[in-house]
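Per-chain residue numbering starts at 1, and chain names A, B, C, D, E and F are given in the order in which the chains are listed.
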């Protein structure tokens, strides 16, 4: 269904630049599982490396937000963008990182409320209050 | 610039159903300030009451997520939906509820990363991994 | 603020292909007013002619939906697409074609509800019920 | 395929707050059929109740717009938001409420035209005509 | 899965206005293949004719941009709009018109980067530099 | 109007990590002009550096697509995402890199057509033809 081929493990092993990223994904995430996004992106080894490093840098190590909150923000953007794959992968990740059922229910509710008020505000073209503007 | 009139305090006072909501917003938020969204929505007092009660219910009291995280999720959805007003109002609210500069910088970075991978995944039409599917 | 020049009446008069469309807009709409969309599009006279004819064909004459309903559908799509100009122009048109305050208030409410349930459905990736599928 | 479980009738029966909403949906719509959106939302009984009541309030009883027009507005927003489920469910509902083939064909045409002019206007960043602004 | 029936060749043959467009598509594209978009749109023969003529006019003959670049622009818009069908059909077309693997990889990268900076700029509500404004 | 402060030259000079990027932007682009995106992003020097390097890497040096085509793809995505700032900055860049008036007019037309067919396809939920699927 993809517009690109999804590289198998054997194919990934045969391209050193891809193998290096797949090895790092496995080591960082402590799992053998490589999800389809990386298998599709592996058609462009430089983009694979760059995108993985951006995500690794942003979402591991010493972050300002807890990992589960990071994933919830990802779900929020992905829902507004209607990215089916992204919603599935980040919902699985958020659960794996400790998102509770109550937090998930609240997230869905907030995404819905934001969708509602975003659409109403835009339909009415409400002007920004001066009180909200940053001094610069 | 709005497609609706923004009700002044005097106009709001004159409509009991609007006055009641404005009073509750002021009491709940402990401030006299009523932002333009409510002033525009006040053209439809029933929608004003219903929308305010939804937001009050979701974002005050005993919530599963900390208030500042709720506001950050709101910013994330509003950015993907390009809702200028919503971004300004919820960024102000998130700061008022304790979002630090480091958390905000990370939020902007994550919104950007989600935009990037959402678009790449969609362009390549990556199929959802079976591992991400919920049993039902 | 546009990325294109907006043609003045004098400039439009000087280009026969533009003048012909502007004349037809004025005759069809029974007004001298030419809004900025057409003045910007006039930089490409062929696109101007084609786009105007599509709109004229769809929204005048013997239509299946009443003119005010057509404009309300336009507002709905434009709100979801966050097109400020389009929201303003079609809200003005809908009012000119008879949209009442009650209908407008209901439109804003429905746009908000659709935004809310669209976002919730997408966040939860609800599968389509078989009952909704068309036989083909 | 959902990120949530879709509650079966037996599971819904076992949760009084869910059973009450499902009963009301069935009574209001005069059918036994409960579509998947409600079955997924039932994981959060409070959100189920609130969302159902919002929709019931907006789309039944004494509305300003005819029911089929309400559904067409819903289809318009859902198409712009690329919400597959919502498009299917509201297209089925619009047909059930009397949308004719000619009206549906016109709706699809208008959604397409709005998509076209929304994108062109945004690409050219056309400024809003003063004539369109509401006095406030 | 569609909300409309997809007309078979036999059905298309039986409606002169549809047959004429299908014949022109086949002659213009030098192939017997008629893709599903046209089969769905054929439910409204006038919209079928008008949409085909717009596309034929824009994308064949003496164009300012090379055909493969036109298709890449189409992929870019379709990715941002999350239109699965459109992404598949225009990716196939771009390849058929000579898009190389390197060009496609760069396209996906650029779509991702644009998604990223679009989201960051919107989240931060960066004001347009005066230097970018067109004189009008 | 931004939600962040836009760093002045003096402020940028005072932060070595920001100064280094601004110097590189100036040297790469052979101009003293630093546009507001970078001044806003400079609040997070690490994100500034990373985003600049991604863009520099993608859009300078030995690219698969001509620079003006890259900018046109950027305009296409930005229009679909309704990113005002991005549309202005990349339209200015495309013109600076040689985009002709005829190419720009065709770009706007194509963005419009893609918006139109994206919306129609989505409204009708047209299924992907098997012929478009990649073997994997």
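Just so we're on the same page, a contact is a pair of C-beta atoms (placed from the backbone, for glycine too) under 8 Å apart; a residue touches a chain by one contact, two chains touch by 3 or more.
Because the structure is a prediction, the values reported are computed rather than measured.
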Query - Neighbouring chains shared between chain E and chain F, ordered by label - result: A, B, C, D
Query raised in the report: Between A-B and C-E, which chain pair is linked by more C-beta pairs in contact?
Result: A-B
Report task. Would you indicate which option in D-E, E-F or D-F repeats the interface seen between B-C, with over half of the contact pairs matching by residue number? Result -> D-E
Query raised in the report: Approximately how many whole Å separate the CA-defined centres of chain C and chain D?
Result: 21
Requested in this report: State, to the nearest whole Å, the distance from the C-alpha centre of chain A to the C-alpha centre of chain E.
Outcome: 27
Report task. Any chance you could list the residues of chain B touching two or more other chains? Result -> 1-4, 6, 51, 54, 77, 79-84, 87-88, 91, 105, 107-109, 111-120, 122-125, 128, 133
**Report entry** Footprint of chain B on chain A - complex, ascending
**Finding:** 1-4, 6, 33, 35-37, 40-41, 47, 51, 54-55, 58-59, 63-65, 69-70, 72-74, 76-81, 83-86, 88-89, 91-92, 100, 102-103, 105-107, 109-111, 113-129, 131-133
Query raised in the report: How about chain B: which of its residues touch chain D in the complex?
Result: 1-6, 50, 54, 57, 128, 133-136
Requested in this report: Provide the residue numbers of chain C that touch chain A in the complex, in ascending order.
Outcome: 75, 79-80, 82, 84, 87-88, 107-109, 111-120, 122-125
**Report entry** For the chain D and chain A complex, residues of the former touching the latter
**Finding:** 3, 43-44, 47, 51, 77, 81-83
**Report entry** Footprint of chain A on chain E - complex, ascending
**Finding:** 82, 87-88, 91, 101, 105, 108-109, 112, 119
